[in-house]
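Okay, here's the structure, questions in a sec.
Chain nomenclature is as follows: A, B, C and D, assigned in order of appearance, with residue numbering initiated at 1 for each chain independently.
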Amino acid sequence: MLTLTLLVLLGSMALALLRAVKGPTVYDRILAANAFSTKTVLLITALGFLVGEAEYYVDIALMYTLVGFIATVAVLKVSEFGNLGQSGAVRSTPAERPNK
Amino acid sequence: MIDIMSIASGMFLLVGSVFTLIGSIGIVRMPDVFTRLHAAGITDTLGAAGVLLGLALKAGFSLLLVKLLLMLVFLLLLNPTACHALARAALHGLRRPWMD
Amino acid sequence: MKDNAVLRVVTKIIVPVILVFSLYVQFHGDYGPGGGFQAGVIFAAGFILYALVFGVEAIERVFSAATLRIMTALGLLLFAGVGFWSLIGGERYLDYDAFAQEPLVGQHVGIFLVELGVGITVAAVMITVFVAFAGRTSD
Amino acid sequence: MTPSNTRSVLLGTLLSALWLMLSGHWDVRLLLLGLLSVAVTVWMARRMGIDDAEGLPVQQLPRLIAYLPWLARAVVASNIDVARRIVTPSLPIEPVTVRVHADQKTAVGRVVYANSITLTPGTITLEVEENSIEVHALTGEGARDLCTNEMGRRVTACEAH
């Protein structure tokens, strides 16, 4: 069953990759990249059980979970503002009350 | 007892694999980025939960189990956040969503 | 992106978790995958997430440019200092046996200090590079 | 103790628990390093200003945990529904956007509600505003379910204290 899961995950990653290649918009590609990173996390964990070193692999997967999220936020920020630094209060949106 | 655990673990892995695959098919099939996000949500919730809980049953009572559950918590906290940020960016940057 | 309530709240929750995780990676180099370089990168990634959501100038609240420069130098100094300490002790450069009577204890202490130096430098340099890049605007 | 000090102690306790979950080593050296790590992190969190009521929703936490089983059942049910639609060859979807009322008083409450909506496949939060949330739903049915506001009421119940 573990092997089947690994194969399914690899297949799903291929499908996500297909979406990343086809696009058509930048958001589709970010979506595909995010889905790909989620599946990578699952793949790393399952692989750890297959090779019998799950304690090591699960740490790597945990790190990948956190870093994958940061990567998605970073790419979104670049696509929305054109740079990484802006605090974001500049663009006018229906106002959420500021923090303090 | 061991048998029941491994059967339950196999069931969870199967459910996780099936939903991961369906989510990925959805990412390819759906007509626009917003509907694709719904499909990606399937992989992120039941797909990830199935695979990780299946592996957690394999791990038994150990630190590994705790880390797998921690990873599930992170995924269920961070993925909807990334998903929402992506949907919001797409709404601002793109155009109105696809309607029937 | 501070005006995005969901992103703001989740970032506030997850940044301390990322920092503790990076320090866990830093100090468990002998037991699992990890060590100074990886820990430094994850540590910096936590701050990068913070800066992405709250703006790059928010980093100033924690690390000023001068602090970052000092941290970069301090980490490097720690690394080099460990090396020269062994030279002074009559061993080869970075030979950790010089750190204690017992060679094994000496190796533990030496590796710990070197990894700490690497971690501090990598984190400081990563944050500096991010600030330098993010501070530039395209328009 | 001032509220901010209380919150720092709480954050430190939670992060210590996290360290023990990650480390699993109980020798003195690593426990001391853990204490040091937690102290450094709490100090940085204070300087960042992220250990406020939003970053550490202490009062709501127990009720939120009690809310999770209901959420889990809703997530599973909508997962099965959306999965069935995806594998149906004719792809029976009719996407709509609706604005649902959000009567949560705190930002954390709204964020929990917004993330619950996103977490159930078939509905995605597009925009969170002061007292409403804009939602993209895969089907009119899903949008109608949301408008009954059962989930919203349950989240609001979490923040009462």
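Here is the rule we go by: a residue touches a chain if its C-beta (ideal position, glycine included) is under 8 Å from a C-beta of that chain, and two chains touch if they have at least 3 such contacts.
Just so you know, these numbers come straight off a predicted model, no measurement behind them.
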Quick one: name the chains whose C-beta contact count is the highest of any pair. A-B
Could you name the chain whose CA centroid falls nearest to the centroid of all protein CA atoms? A
So the centre of each chain is just the mean of its C-alpha atoms; given that, what is the distance between chain B and chain D in Å? 16
Please work out the Cα centroid separation of chain A and chain D, and write it as a whole number of Å. 18
Take the average of all CA coordinates in chain B, do the same for chain C, and state the distance between these two points in whole angstrom. 32
For chain C versus chain D, what separation do you get between their C-alpha means, in angstrom? 30
Residues of chain C engaged with two or more neighbouring chains: 1, 4-8, 10, 13-14, 17, 21, 58
Multi-chain touching residues of chain D, meaning two or more other chains, are 18, 22, 52, 54, 107, 114-115, 125, 127-128
Would you mind listing the residues of chain A that make contact with two or more other chains? 55, 59, 62, 66, 69, 73, 80, 93, 95-96, 99
Quick check on the complex: what are the chain B residues that touch chain C? 74, 77-78, 81, 84-85, 88
Which residues of chain A touch chain B in their complex? 1-2, 4-5, 8-9, 11-13, 15-16, 18-19, 25-28, 30-32, 34-35, 38-39, 41-42, 45-46, 49, 54-55, 58-59, 61-62, 65-66, 69, 72-73, 76, 79-80
Within the complex, chain C is touched by chain A residues 55-56, 59-60, 62-63, 66-67, 69-70, 73-74, 77, 80, 82-89, 91, 93, 95-96, 98-99
Report the residues of chain C in contact with chain B in the complex, numbered from low to high. 1, 4, 6-7, 10, 13-14, 17
Any idea which chain B residues touch chain A in the complex? 9-10, 13-14, 16-18, 20-21, 23-25, 27-28, 33, 36-37, 40, 43-44, 47-48, 51-52, 54-55, 58-59, 63-64, 67-68, 70-71, 74-75, 78-79, 81-83, 85-86, 89-90, 92-94
